[in-house]
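Residue numbering begins at 1 within each chain, and the chains themselves are lettered A, B, C and D in the order written.
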Amino acid sequence: MPGAVLEMAGVSKGFPGVRALEGVDLRLYPGEIHALMGENGAGKSTLIKVLTGVHQPDAGEVRLGGTPVSVTGPQHAQALGISTVYQEVNLCPNLTVAENVFIGREPARAGMIRWREIRRRAGELLTRLHVDVDPGALLGSCSLAVQQLVAIVRAVDVSAKVLVLDEPTSSLDRDEVEQLFAVMRRLRDDGVAVLFVSHFLDQVYDVSDRMTVLRNGRLVGEFRTAELSRADLVGHMTGRALSTLEQLHVTGESARVQAEPVLRARGVGRKGAIEPFDLEIHPGEVVGLAGLLGSGRTEAARLMFGADAPDSGTVTLSGDPVALRSPRAAIGRGVAFCPENRKSEGLVEDLTVGENIVLALQAAAGWLRPLSQSRRQELVGRYIEALRISPADPDMPARNLSGGNQQKVLLARWLITRPKLLILDEPTRGIDVGAKAEIQKLVVSLAGDGVAVLFVSAELEEVLRISHKIEVLRDRRLIAEVANTAEITPEGVLEIIANGTTS
Amino acid sequence: GGGSGGDSGKITLGFSQVGSESGWREANTKSVKESAQAAGIDLKFSDAQQKQENQIATIRSYIQQKVDVIAFSPVVVTGWDAVLKEAQAAKIPVVLTDRAVDSDPSLYVSFLGSDFVKEGEAVGDWVLDEYKDATGPVNIVQLEGTVGSAPAIDRKKGFESKIAANPNLKVIASQSGDFTRADGKEVMQAILKANPKIDLLFAHNDDMGLGAIQAIEEAGKKPGVDIKIVTIDAVHDGMQALADGKINFIAECSPLLGDQLMDIVKKIKAGQPVDKRIVTTETTFTQQQAAEALPTRKY
Amino acid sequence: MKTVTGHRLFWPAAVLVVMLLANVVVTPGFLSVQVRGGHLYGSLIDILLFGAPLILISIGMTGVIATGGIDLSVGAVVAISGALACYMISGQDDQGSVPGVLVAVGLALGLSAVLGLWNGLLVARAGIQPIIATLILMVAGRGVAQLITSGKNINVNSPPYKLIGGGYLLTVPFAVLVAAVVVALAGLAVRRTALGMLLEAIGGNAEASRLVGIRSRRLIVLAYTFCAVCAGIAGLMISSNISTADGNNAGLWMELDAILAVVIGGTALTGGRFTLAGTVLGALVIQTLSTTIYTTGVPPQTTLVFKAVVVTAVCLIQSPAFRAKVFRRRPGAPPPDPVASPGPADVEVRA
Amino acid sequence: MTVLGTRTGVRIRRDHVAVLVTLGLLVAMFTAGSIAYPAFGSGQVVIDLFIDNGFLLVIAIGMTFVILTGGIDLSVGAVAALSAMLCAFLLERWHWPVAVVLPLVLLVGAGIGFAMGYVIHHFEIQPFIATLAGMFLARGLCFVISVNQISIKNPFFTEWAQTRIPLPGDMNLTPTVLIALAVLAAAFWTLHYTRFGRGVYAVGGNAQSALLMGLPVTRIRIGAYVVSGLCSALGGVLFAFYTISASGLHAVGTELDAIAAVVIGGTLLTGGSGYVLGTVLGVMLLGTIQTLLRFQGTLSSWWTRIAIGALLLLFIVLQRLLGSSRPGR
């Protein structure tokens, strides 16, 4: 085996109050895809940020091709041949897609940027990855998945020795993931070392050659993927045995149509976002929205919450017609909504974990009626524990939490409002296997308690696992509604999407 | 006849005022407006908000509007050559009011206004005389106007040049009070704390002096007695304080230039010669004189 | 030790103390406070008295800045409020009548509130960028003040009015008491209710706040209104202190001082986390600086340079990044991380 | 293959629309002025707008860079005054040659900008404070150099100040206008056709992302302040040409005018969005309002202010109504 292109040895990194990394080693060889595994908050992103010089390690060193280097920042890392996609999409929303792909390394002649060249080449790159988006569109107007793809396109286009991908697939659906894997394999065959983070075990087993597992900031070990069983991997990651994830499967027969629907939408639509559609959700029912990227799931969900105002149709909530012109109207009637883009639409990074959790409840109560200190502590404490938010410190600023834990904070925020209808847009994005099972269980048990849930996820299996009813979208149109019976499979749903017919 | 005022055969005067930073200035503006009306002159008025660039632009705009005469109170002394030459090229006569400029005198017809240095000197003379018998040191506090402004610079210069004659007269503290009452009070209050013995206060205008009087009273001293006060301007409030014995001496700086200005404008239009330098009729007031003059003061 | 210096208010407080001590060196009696003429007398009292208007305005400004806005019009509101009150009082036959003064004060504060409402609506309803929305009132408002006073000083001779900015209650300057009460009330409103958290949420992430159902518009309007009322009270104090309304100069450039106070106190101009206690300290630092300049006799032409040096020093010393780079330069010590270095906010003990 | 609809490029064009709306309103205001005051409608009045506001334009262009990065620069007016003062002092008191003085002055401006940018970036001091300190310092230095106003007698300066370039139709303009236009062209080119310029937008859009994307954020951010310092210094020189003098009281409050011009021109104070051409329109608007009031000519000082505020309000409200609504509304 040739020598490692990149080695990290004994890396430690502490933040005030947290030891994020403790003597971690990592070796990357050319021509391999290496998975970095661990629960939420295990230190994966931190390790990557140390690797690319965003954080300076407290101890330990980074060796590139055998020589120790001190990486001063992402720019330096790029110059050293390390190309990175960070966990949260880190691009500029105010620039166009094409520019985001090329900024910092624009083709120029005599110091003058060649715009036409940029647009042409960006178009080519995007098509090669099968991303169909206008390169001249503002990035901020694209869905999160597209943004993630753009970030990947950008990173992949740099001919680098090391390609680092921190949860690149969290918003992508099967097709996109396949495209990405194809690119990763091609790069691997060209001798690039790829470091890959994902919470999807299937993906990891599908694509990676070796893996490094972290737990609580410490190195558990380095394994060949082929030699490690899933159960063992989960055991290594969590320090516990694999939970009863597989047993969870609800079926459609328990559909509770007898009661008055919590939500009834008739011909609700919004120009340019989603065509008018009908939808009913009953108490205790989990309705899944399935579709490919950009099929309009997020838009449909947002309309049900009043996050965007619909321009046609009527909505009745618990039997009363309501004008959903603002989120407040929806919240007042017991609707809750976890947006998919937690960074820009969910979290208030300045506030503490505790404050973020009580924010929705407090907003509903108004500023004059503050939650009492004790009630607040009790609520926050309960949900930090229930969702295993770590670190379990309610006074920690939310920005310091790992991505997965931030997602849990947002869930907690809405759960404490005891909603009648809970709209979850990609609630398990970036959440580790254990926690994902917890959340799925939670959703099922909420439904058991009579809460209606509208569940959006890019992961079809997940949708199938917990919903009673599945709404299938394509090209921003609701094309089918299917009861989730035992014979429905992910492939079957894909079939519906492809043919556009109800089976 | 000018373009905009031509129809009636009336004289059009473009007047660019410095701004509206004080009561004094307001009295000045009012005087110009009233006199223009009385004299049947069509007045174009513009407030430059203390900005020279605004004033230059205004003069230029008056040239565009083809007024008959341009008058302005320059914000600063320097920097008028170019625009004055433009006016000259457009054959529009220019009169300066209140403050002088350092341009070539051939560029304007006349300067009507006070001499700030002289005002400072007048105060200095009074102080010299008042303390001519002093044996020990006389501690003087000076409240300056806005740093860099012409009145502040010149009044300070005039005053200090005079009191230099008597080595006993010492300025122990000199701070800017920005020509305002509030700042005058605040600054004086601080100075009072730091300097236990103050004999005389010279404020560059009445407003600062009036503010300082309040500070002195609050410190438990008697203004005009424990600390003698001399100021410049002679606005109504200042004259009242002078008559009340709280101020000891004021050198007048009259804002009432309107009538004189209109006279000059008319003369210019009539082709009569006017003096290059017309000093406004100004005087000084002691407490006695103030009490007498007060009933007839216009501002 | 670490926790003391780590406290968000440590550095502004330290700066204030150092400035006071520096004064003592130059003017030995600086800290002495005596009772003279039935009230407290001394430089410290002056600082509090003259600082009271600034403290008030800065407190109001803090609320606005927390929402991610800014209010340039406070100086104009100061002028308007003082002008209106003095105009009303000067028109009364008996200037000393308490009801008359109360009516004047009430009207002035009412008008201030309306002006704040106007600002708030322009920002929250019309969606105009705060700096421009309030610039309109900054320019026009000064004109309104001059319109009320006709560009002259309006003198009043009213003992009850004089109390507001120049009087004493139980030997303590009334203005200081007013400022203290407003600060206390604001503190209570902000931390005993959920107001503070909601304002911080709006300033921290406006879109998230909307999606979480916060009535952002109302709260923003409230913040601007409160700010203007604070400025209105400050305007009363300033005019009352000298018994004169100066529509031309009252409150001129005060918005800059107020913003500076807020920022020195440790609140970021980008909105979000804020601290009222820090703002009060910041305002005191600025007022102490002016008083220092006057008492130590810094020549007027170098005043600004002196101010620049002090402000720079204050900010540098407060900056964790600066301290880390300059003071703790151990060999091999890690430079602070450039992205998410925890600011003082992260270690704050909530005020 | 999936079909990914995007919210298309409409937004970008909307941004352009905003600038066009501003332009349209400006023209409308100008037309209204010409109808009310016949002399107002002459070409020379338009040129005078540029002559009278040339220095403000240059300063506002520098400010645009800083605001695009999400910062703010309060020091511009003071730096302009300082550079005019330095010019006057070095030329008149020390009799240095113009060829030395001008580059030196520009260098000082850039240096002050650099110092502020350095402090802002490396010591994480808020731009507002750092540049406010810069403003105090620069203005203070003016007075330290000379409390008195200094008149510039240097032949080069006086020559330039009085040079008029004749145009057809009995109009003329000054060389300073050409300089301002050249700066405008350079700024436009820099912002849209250089890496530095695109970096300015990126940093303003999201500084942390820009850093993670490997952009030289340090250089860009400090660079923006250097540009602003340089523009302020140049603005100061133009001011010195304009007034052939220097005073510590010159250009007081110019920072607010510049910021207002930039923001009225459609640039977001939060950074990342805006055009330098919008800034030109903003400067023109402020100038037009002033000119209108000069032609009106009967307002008292306070009604002048109230009228400025009212016209500004009218303009901005119309701009909002006719222009795009911002995202997130």
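Note that contacts are C-beta pairs under 8 Å (C-beta built on N, C-alpha and C of every residue); 3 or more make two chains touch, one makes a residue touch a chain.
Small disclaimer: the values here were computed from a predicted structure and weren't measured.
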item: Relative to chain B, chain with the most remote C-alpha centre; value: A
item: Separation of chain A from chain C, taking each centre as the mean of its C-alpha atoms, in whole Å; value: 44
item: Approximate Å spacing (C-alpha centroids) for the pair chain B, chain D; value: 34
item: Separation of chain C from chain D, taking each centre as the mean of its C-alpha atoms, in whole Å; value: 29
item: Sequence positions of chain A contacting 2 or more other chains; value: 54, 73
item: Per-residue overlap in chain C, given as positions that touch at least 2 other chains; value: 146, 151, 207, 300-301, 303, 338-340
item: Per-residue overlap in chain D, given as positions that touch at least 2 other chains; value: 143, 147, 208, 211-212, 300-302, 304-305
item: Chain pairs that touch, as defined at the top of this document; value: A-C, A-D, B-C, B-D, C-D
item: Residue ranges of chain D touching chain A (in the complex, touch as defined); value: 1-9, 11-12, 189, 192-195, 198-199, 201-202, 204-206, 208-216, 272-273, 327
item: List of chain B residues in touch with chain D within their complex; value: 3-4, 14, 17, 19-20, 26, 29, 43-47, 49-54, 56-58, 60-62, 64-66, 75-82, 85, 102, 146-150, 153
item: Chain B-touching residues of chain C, taken from the complex the two chains share; value: 27, 29-30, 36-37, 41-43, 46, 50, 146, 150-153, 155, 166, 238, 241-244, 246, 248-250, 290-291, 293-297, 299-301, 303
item: Parts of chain C lying in touch with chain D, wherever the complex brings them together; value: 72, 126-129, 131-133, 135-137, 139-147, 151, 206-207, 247, 256, 259-260, 263-264, 268-269, 300-309, 311-312, 315-316, 319-322, 325, 338-341, 343
item: Residues of chain A touching chain D in the complex; value: 54, 73-75, 77-78, 84, 86, 90-97, 99-100, 103-104, 106, 108, 111-113, 130-134, 136-138, 140-143, 145-146, 154, 173, 175-176, 272, 292-294, 475-476
